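Chains: A, B, C, D, E, F, G and H, in written order; residue numbering restarts at 1 for each.
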Amino acid sequence: MLKVYLSGEIHTDWREQITTGAEGLDVEFFSPVTDHDASDDCGVAILGDEPNKYWHDHKGAMINAIRTRKGIADADVVVVRFGEKYRQWNAAFDAGYAAALGKSLIVLQQPDHDHALKEVDAAALAVAREPSQVVEILRYVLTGTLPS
Amino acid sequence: MLKVYLSGEIHTDWREQITTGAEGLDVEFFSPVTDHDASDDCGVAILGDEPNKYWHDHKGAMINAIRTRKGIADADVVVVRFGEKYRQWNAAFDAGYAAALGKSLIVLQQPDHDHALKEVDAAALAVAREPSQVVEILRYVLTGTLPS
Amino acid sequence: MLKVYLSGEIHTDWREQITTGAEGLDVEFFSPVTDHDASDDCGVAILGDEPNKYWHDHKGAMINAIRTRKGIADADVVVVRFGEKYRQWNAAFDAGYAAALGKSLIVLQQPDHDHALKEVDAAALAVAREPSQVVEILRYVLTGTLPS
Amino acid sequence: MLKVYLSGEIHTDWREQITTGAEGLDVEFFSPVTDHDASDDCGVAILGDEPNKYWHDHKGAMINAIRTRKGIADADVVVVRFGEKYRQWNAAFDAGYAAALGKSLIVLQQPDHDHALKEVDAAALAVAREPSQVVEILRYVLTGTLPS
Amino acid sequence: MLKVYLSGEIHTDWREQITTGAEGLDVEFFSPVTDHDASDDCGVAILGDEPNKYWHDHKGAMINAIRTRKGIADADVVVVRFGEKYRQWNAAFDAGYAAALGKSLIVLQQPDHDHALKEVDAAALAVAREPSQVVEILRYVLTGTLPS
Amino acid sequence: MLKVYLSGEIHTDWREQITTGAEGLDVEFFSPVTDHDASDDCGVAILGDEPNKYWHDHKGAMINAIRTRKGIADADVVVVRFGEKYRQWNAAFDAGYAAALGKSLIVLQQPDHDHALKEVDAAALAVAREPSQVVEILRYVLTGTLPS
Amino acid sequence: MLKVYLSGEIHTDWREQITTGAEGLDVEFFSPVTDHDASDDCGVAILGDEPNKYWHDHKGAMINAIRTRKGIADADVVVVRFGEKYRQWNAAFDAGYAAALGKSLIVLQQPDHDHALKEVDAAALAVAREPSQVVEILRYVLTGTLPS
Amino acid sequence: MLKVYLSGEIHTDWREQITTGAEGLDVEFFSPVTDHDASDDCGVAILGDEPNKYWHDHKGAMINAIRTRKGIADADVVVVRFGEKYRQWNAAFDAGYAAALGKSLIVLQQPDHDHALKEVDAAALAVAREPSQVVEILRYVLTGTLPS
């Protein structure tokens, strides 16, 4: 069984494409909380308000780290998706974290980001353009079967 | 003696401000190659041309990784600077890599990036706004002296 | 599934509040032996009397360490509770032990101890005031759901 | 050469007694910042004021952690002193941190704390009552010479 | 239960001999993809063509590494088979990788390779000549039973 | 669940006393091969005769190491029994191996060996005299119940 | 300062080309014993003859492993040279060993071996064809200077 | 430079034979305290008398462990000498401790102990009969020179 953590962009349905595409494979998927508002506000919602936005964010980011760290630590493969928008520094942070732990890293990104992502890609075992390619990699790794 | 790796932005003189400011302290600084062209082209310049830009970048990023990995692995403290421009995914990657290795992380960034960097900041022991603050942290850590 | 070790104070029902509150969540809880007399006397009760109180205590603390070390080593999350009374150095010791192993640390304590616990809190991903907040963190980490 | 980190109580001269007593031995000593005010205020003094006392303390504790973590990580031996006053949770935290890293731990404390410290003592290779005993241990470990 | 990774030669039926012979034992076997063409072409088949044969091979080898690394990392025992033909550097690479991770290594090779493989054999706990001997080792390790 | 490796003496029924006594507890026991002849001869029986007794022994000891290493690596607790006879260096070797991996160590030995075993005992969390005491420790560690 | 281990082929002067070319750089080089006869016979020359060639080789390979393991463990960069002749399984073994330890790996080989070495190359940060290219990589990594 | 820890028997001059024989080689030697009385009594001499002989021994063994653990942890090579007399369980314990840390192990013992030491020898890279052979191994490992 392969444990796969899906890190990065939360505004498109790439996670659903992968988990649906991988149905029938012996894979267990993990993800961060992808509800944007919940992810931003979890710290103050649970532990109390902060008037200062910095600490508001900080309390939330720390709680999200409980989930993220476990997800990456338990994973065999970490897929990091860089979308078209936003700075996505947390995605690159997760990629670095996974690389330092020796996890197999798959980066999912479009060619126009190739140059900006070259250091991240250099730590990856595969750079995919489409979620379906990630599914094909997982299928091949688990079953030895290539796309027909 | 404290070993400090200075990661991130290469278009302003923040490294010089820190190394100059820290003169007299028992610190050894390490950095990536900050010559932008050399950093981009080192792979093909040494190992031969690649017609495909992706592999051109890849060969360079891999060689740069020899220096970066050693710099972070040897460091006690990793300072990661996020500048005003560019996506700087390599900076965030280095921050994640350093965090996973248990290095003391200092982030140097402006407040307008606070929200986008909240996951990175949550892994840091200090978030500084100015290079001089990094110098003050190093001075305090080494000598116990605060700015007057 | 999340493995959670509940360290610290043994004179109030905070563990029951958390385990009851977390019913239905995919959590497995571990704790030290919370029977105070058994915990104090286990060494001599099993391995034979010691006339010297120091060695009496020592033999017991060593056997308790078998359980504590496994509990922390296996855990994803370590919750450390500091109560109103006693010195509770074992709680702080467990927090340091957990931090060095890279476990996600949640501290549960009242505000009047904030200053005395600042070094411990600095290693934590959350500082909670009430057991119910610990439950809410676990629920959010596992399901992404915030308290309504 | 032996690297020794001296953790804990900062209100008596126990560190000076040890470092003076160990003169001539091949030992290098490290300590936290023992200026109480500087240690409390370093965060805001360098990185800017915080109206909330909790975050004031937090910023300081995080910067102090840069020094503490390096001191313990580099040490062969960690001496942890528990004094007569205060809760000293940071001392117990350092002891747990050192134990988890497999450092040789020496605890320095008076007999009236024996019961409260039994879990900490159980992780130690020596429990000393006087700074001079710590010096004798270091001398014996380095030279094989016992006190005459 | 013993997890066993079967690395190396893919042109004879030695894996089948071992897995068939070990039926009834509490062993789980893992292997690389042994379909030679799929293994060579998986990179370009999934991620797109490369005109340069070097990068064609490289993309495939990287994807195969996802499976190989997990197989070795999860294994208790790594069996490395050197056949009569080909250079089989990947087999020796796997043996070195397994040795550095402290895995129990069994080498399966014919005597005419003894001198060339002496450094690899020196890291092994057994050097077998026939697949049936590997089965006997596994049976003995799991049940204490020797061949009659 | 607690995984316990029972190392050492193979000429008395101490393992049976412990496994029988621990019935009903959530413990899984592992042991070396305790058939003395099989343990001595496994190397040559499987891999072929050696005219030199040293290599005869060596081949067997290496195969036994596959089982021993896995048993210790997987264990939470390692119990090492020193009997009345023989030199039992393999028992002391296993104790050192377990200690270096941070396993909880229980030594089972009679008082007349106390002085000779003092370095081994110093690495243990308990020194028991009777198998029944080992059972009581396991019961207490798992259930918090002391012998009545 | 960069520590570099030069593994592999011993029949050409590639090591001299690299060490001479790197004069003036802050590099320390380590190598295996490259005297072929000494390397083959060291075991029996020191520890006594073995009539069986297998054990003759084995005793030597084990002593050579003392040097090899230290060389790789201490290195920042491991260069592995595959020459035109021989099977060179020890070179591939060293590459795997270095990769598992997270060392920066540089492979030095001719294009006709590209396909056979693809798994080894996939673990490398650079694949060089000439010793002078290895020198240029070391110069760039240490000084940021590219060949003119 | 090679760091070598000399563990085991303290009643003959084997350590002097090795250190004298290795003069001129780039080796640094470490040893336990070899003054038998000091080693037995260090605990009570420094930390105070114990009426119970077990705790008398225990306090001493724990202090000696500070030196032993550092010696082994820092070493590249651990030489363990088994003499003709005594049970020497601490020597076998050190061998197991060193093996688990991946140190290169050399055992120094006479053939009449071969069978009793077969598990220890199976973890060693060399089994020597005379101190001069240990010197020759160190000379060869450092200089590539064999005895003439």
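One rule holds for everything that comes next: contacts are C-beta pairs under 8 Å (C-beta built on N, C-alpha and C of every residue); 3 or more make two chains touch, one makes a residue touch a chain.
If you're wondering where the values come from, they're calculated on a predicted model, not measured in any experiment.
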item: Same vs different contact residues, chain C with chain F, by half of numbers used; value: different
item: Of all other chains, the one whose Cα centre sits farthest from chain C; value: G
item: Rounded Å distance, chain A centre to chain C centre (Cα mean); value: 31
item: Separation of mean Cα positions, chain F and chain A [Å, integer]; value: 44
item: Distance between chain centroids, defined by C-alpha means - chain A, chain B (Å); value: 23
item: Residues of chain E touching at least two other chains; value: 62, 65, 102
item: Parts of chain D lying in touch with chain H, wherever the complex brings them together; value: 2, 76-77, 102, 104, 106, 125-129, 133, 136-137, 140-141, 144-147
item: Residues on chain B engaged by chain A in the complex (per definition of touch); value: 53-54, 57-58, 60-62, 64-65, 68, 82, 86-101, 111, 113-123
item: Contacting residues of chain B [partner chain G, same complex]; value: 33-35, 38, 41-43, 45-48, 59, 62-63, 65-67, 69-70
